[in-house]
Amino acid sequence: MNIRIRALAVVFFAAIVSVIVLPTSGCRPADPTLVKIVSSLPRTGSAKQQSDTIVRGIRMAVDEAGGRVGPFRIEYLDLDDSTAAAGQWTSEAEAANARRALQDPDVVAYIGTFNSGAAKVSMPILNLGDLLMVSPANTAVGLTKPGLGAPGEPQIYRPTGRLNYCRVVPADDLQGPLSADWAKKRGVKTVYILDDSEVYGKGIADLFDERCREVGIEVLGHDSIDAKAQEFKSLMASVKAANPDLVYFGGTTQSKGGQLAKDMVSAGITGILMVPDGCREQVFIDSAGAANLEGRCFVTFGGLPPEKLTGKGSEFVERYRKMYGEIPEAYAVYGYEAACVALSAIREAGTKDRRAITDKALAIRDFDGALGRWGFDANGDTTMKTLTVSVVKGGKFEFEEILDAAEEAVAAP
Amino acid sequence: MQFFLQQCLIGITNGALVALVALGYTMVYGIIRLINFAHGDLIMLGACLALSLVSAFGMAGGGMAATWLGVALLVVLCGLFCGGLNVAVDRIVYRPLRNAPKLAPLVSAIGVSFIFMNIGLFWLGPSDRSFPELLPATNLLAGEGLQFTAKDLLVLVVVVPLMLALSLLVKSTRLGKAMRAVSQDPAAAALVGIDVDRVIAFTFFVGGFLGGAASVIYGLYINTIGFQMGFQNGLYAFTAAVLGGIGSIPGAVVGGLVIGLVRSLSSAYVGERWTGAIVFAILIVILVFRPEGLLGRGTKEKV
Amino acid sequence: MTGQHHTTRDATGAVPLRDRVLAFVRERWDLVALVVLAVAPLVVPALGGALGGQVTTLFIYCILALGLNVMVGYTGLVHLGIAAFFGIGAYLFAILTVPMYPFQMRFVTAAAVSVLATAGIGLALGAPTLRLRGDYLAIVTLGFGEVVKVTLRNLEQITGGMKGLNPVPPPGAGLTVGGINLGLAFAIDPRWFYYLALVTLAGVVVAMRRLEHSRLGRAWVAVREDELAASAMGISATRVKLSAFAMSSAVAGLAGCLYAASLSTTADPNAYDFNRSIMVLCAVILGGLGSIPGTLLGVALLVGFDTVLAPWADSAIQQWNINPSGSSLLSFSGWRLAIFGLALVLVMRYRPEGLVPSRRLAAELHEAHP
């Protein structure tokens, strides 16, 4: 007993000490010739395939720069904001990533997040340190646009009052309403809307809902699903009874987009299905069953899909294909562009001062990148206003049409 | 009216599947008073095997007879797999804990459930996987204006005979009698010459076999499996078993049907988002007012 | 059966210094730990940064686990829904403090109200259900956890749904004491929350100690060991169990308040699901049922595993390029579930009383296996 208690006491203290010492063992003083870029993406769980392509895009950007930018060497660190326990992103992991980036004096850019809910956690933290945050995928409107999100957004994400966040992908205030306009143009008269209750999914479903009512499409119902549920047969029976022309699902592949599509088809619903960019990945088609979606599933995406990119964009797609043996998923080029933005800002600033780098990034007004020529507006949003609609044919996404916000009237509420 | 009927039909079909899983829980609880938390994940592993077998034998796209034969074969193979696995787990994990306080086997079952989940994670990967559509999607009741396909029929066609077979087993065979004896009083059963451990192992086997059958039906009916499916399904099935009276076989069936109906009707009339809360709220209420469940017998604690 | 120490004495008959120090550490581990943890932020600079936040969260989980310990450890009732009370405490606290609502109470008031309300909810749930047998109670708590999670998610107008309620203001927002703007201090320097959590944890540990040795504490243990005998001795089993439930809910609620304050958001309702409850349960069981040092050790090991060891191992694997394809099989955290599961099975088989057991429980659990 004696020895055991002693051993256990030692274990106890070792546990405490290791918790304190282990993470700091990698600490070294700031290296004036080194800059680090970190990304915070969900690297475990079902979103892994998406984040894999984004990470590859970032790596390609860093490699193309030859591992150097201006007078500095660059290192890229791929951080995970999800945990194995949760199988998806968690507030704690995201906050820990943000703090870790802040504490490391060599880190000058933070590429993240993938999920809009996670960005809400790290934005205020990074804002306190003026660390540049470029998101390749956040689309929730409240992160940057005043008056469109919840009360207080986006000021609550900027405790210092200064901006540090920007995103290379158009926000949902584009995608949601334009989807409704597209539906109207197509002759849809009734819709049934579903969402996954998440920040992104519910956000875009609400925007779609609002716009439908504005343009005269009848909303027969709007329900939230439990993303942990296994099947939706009863729900689909209710939807079928309402008999909509179009079923809209605001959500992602991970929040059961595929299963909904399956159950929709097996319930005998004849309407078309429309989903936002959170479902724009091959995994969605596979999980729903290609035959189920054939010709009746339409996916919107803020920006151009890989096969439609031109100039630098198509070069990126080619290089990606050579390196990895497959064409990139939709978000890969956004990861690449986000990294290019960070690199360009570092190069222009010429120093490791975070504020200077952030200012240079936010000052981008005419960037010639893989996504085309675009710039940031005063809120840190991209000036790119292209939305594409793709249809699922033959088990793949096939480009259908471009919706340009300049042509469609987008009424900001 | 038709809408109500359709929801009831969905509820009964779902409920039958839940009942099949619930039987596994109720049998194990009946015999050794253990809530087998790992049962749902056992079924997940059965589904993994089913998927692998279907892919390996290229079953998608066969003729009608071949398909039904293939399904029957799958049911038997996965049933044997899950049954055997269950027996192994009992032998390795639960048997040494026969005389330990209740907490030990309960927590061990949670541990086994985690291990199964991890195996499922390696087997399937972190995302959900699609189960091929083996059965035709033609609507058999299109005339009545209802949706009822071969898949739904399959559930009832497999579940009902299995339940009847189980009742027969428990009521009319010697082994069944031994099972009932052990569940009533293991010490007395041992005294009259019943090999208690063998009987318990057999119970685990039967429970596991039913679970394996359920896993095949689940795959064919829902067409999606994932390494996390065990928890949700296990929870509903377990609720059904408790609702009907844990330890009672007809209770598990009734409980399963009730849970299935509650789920579909609450989704239809209250809203999909509240279904989870409603099911468990009903569970809590039933347990408060009738702890032995709908068909269970009240157990008096003896000093 | 008192602990036998064979104190070796040297030639002059005095106990050597080394043995004396070890004995002191063994006996007053709590004082030693408290001093070490209190001094740590001054010595370890990393605690002023990301690590400080992580250790604060560790302390909060310790508090939560101590709350669960009252139910599972002392009273022997399996509780599978402690995360629900954690969440209720966090959300109530947030409702009472966020600018969206008119309450906007100070930290201490809001925490007090939230803790009391959570205890009340625990009483409300416990009153009709505590007479159920152990297994059934476990299921009721499990079901309650699910109901709470779904309700928090669906009552969007009140709870913000999946967005959660934010921003939760830091303690002392707007107060300036001794020239220090408290709110700003809490927001910027994680060490403030570190100390707040540490002090609260110390307080909870002291309270638990006192309870252990009080009449109520002994009544809890009596009910655990033999409910019928206890009631034959005049202890109202239901009332005792109810008090355990209320105390456990209150402590969980307190942990929730600290959690919401330290994260400055309630996070989404999925943070308070069955996974969380099971993690805390595992920590209590693996560390040592009914034993305070055991519970703390269990939490430290489990949380340390998840937030320190796993990410470090994963990034080491990434750096050494052992797992280029990114498969779960070769990653460390891919094995997490199996490791936890195996630990539970092995501990229940060979050492069900946990790593640092309470002596009484160890005796009780081993009586069948001498």
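Labels for the chains are A, B and C, by order of writing; each one numbers its residues from 1.
Quick note on the criterion: a residue touches a chain if its C-beta (ideal position, glycine included) is under 8 Å from a C-beta of that chain, and two chains touch if they have at least 3 such contacts.
From a predicted model like this one, the values you see are computed outputs, not experimental measurements.
Shown here, the protein chains touch in all possible pairs.
Annotation: B-C is the more contact-rich of the chain pairs B-C and A-B, by number of C-beta pairs in contact. Ranked by separation of Cα centres from subunit B, the top chain is A.
Averaged C-alpha coordinates put the centre of subunit B at 34 Å from the centre of subunit C.
Each chain gets a centre from the mean of its Cα atoms; for subunit A and subunit B, those two points are 38 Å apart. Residue positions 126, 273, 276 of subunit B are each in touch with at least two other chains. Multi-chain contact residues of subunit C (touching two or more other chains) are listed as 150, 153-154, 334, 336-337. Among the residues of subunit A, those in touch with two or more other chains are 44, 48, 197, 224, 226. Put simply, subunit C touches subunit A in their complex at residues 3-6, 22, 25-26, 29, 33, 36-37, 40, 44-47, 49-51, 53-55, 57-58, 99-100, 150, 153-154, 160-163, 166-167, 187-188, 190, 263-265, 267-268, 270-271, 275, 279, 293, 296-297, 300-301, 304, 306-308, 310-312, 314, 318, 326, 331, 333-334, 336-337, 355-356. Of all residues in subunit A, those touching subunit B in their complex are 44-46, 48-49, 87, 197, 223-226, 228-235, 237-238, 240-241, 253-254, 258-259, 262, 266-268, 283, 286-289, 291. Within the complex, the subunit C residues that touch subunit B are 76, 78, 128-129, 132-136, 138-140, 142-144, 146-147, 149-151, 153-154, 228, 274, 278, 281-282, 285, 289, 328-329, 334-338, 340-345, 348-349, 352, 364-365, 368.
Interface of subunit A with subunit C (complex): residues 1-2, 5-6, 8-9, 11-13, 15-16, 18-24, 27, 44, 48, 52, 78, 80, 83-86, 90-92, 95-96, 99-100, 102-103, 117, 120-121, 124, 128, 150-152, 156, 159, 197-199, 202, 224, 226.
Residues 3, 6-7, 10-11, 14, 126-130, 133, 137, 139, 147, 149, 151, 222-224, 228-229, 232-233, 263-265, 267-268, 271-273, 275-276 of subunit B touch subunit A in their complex.
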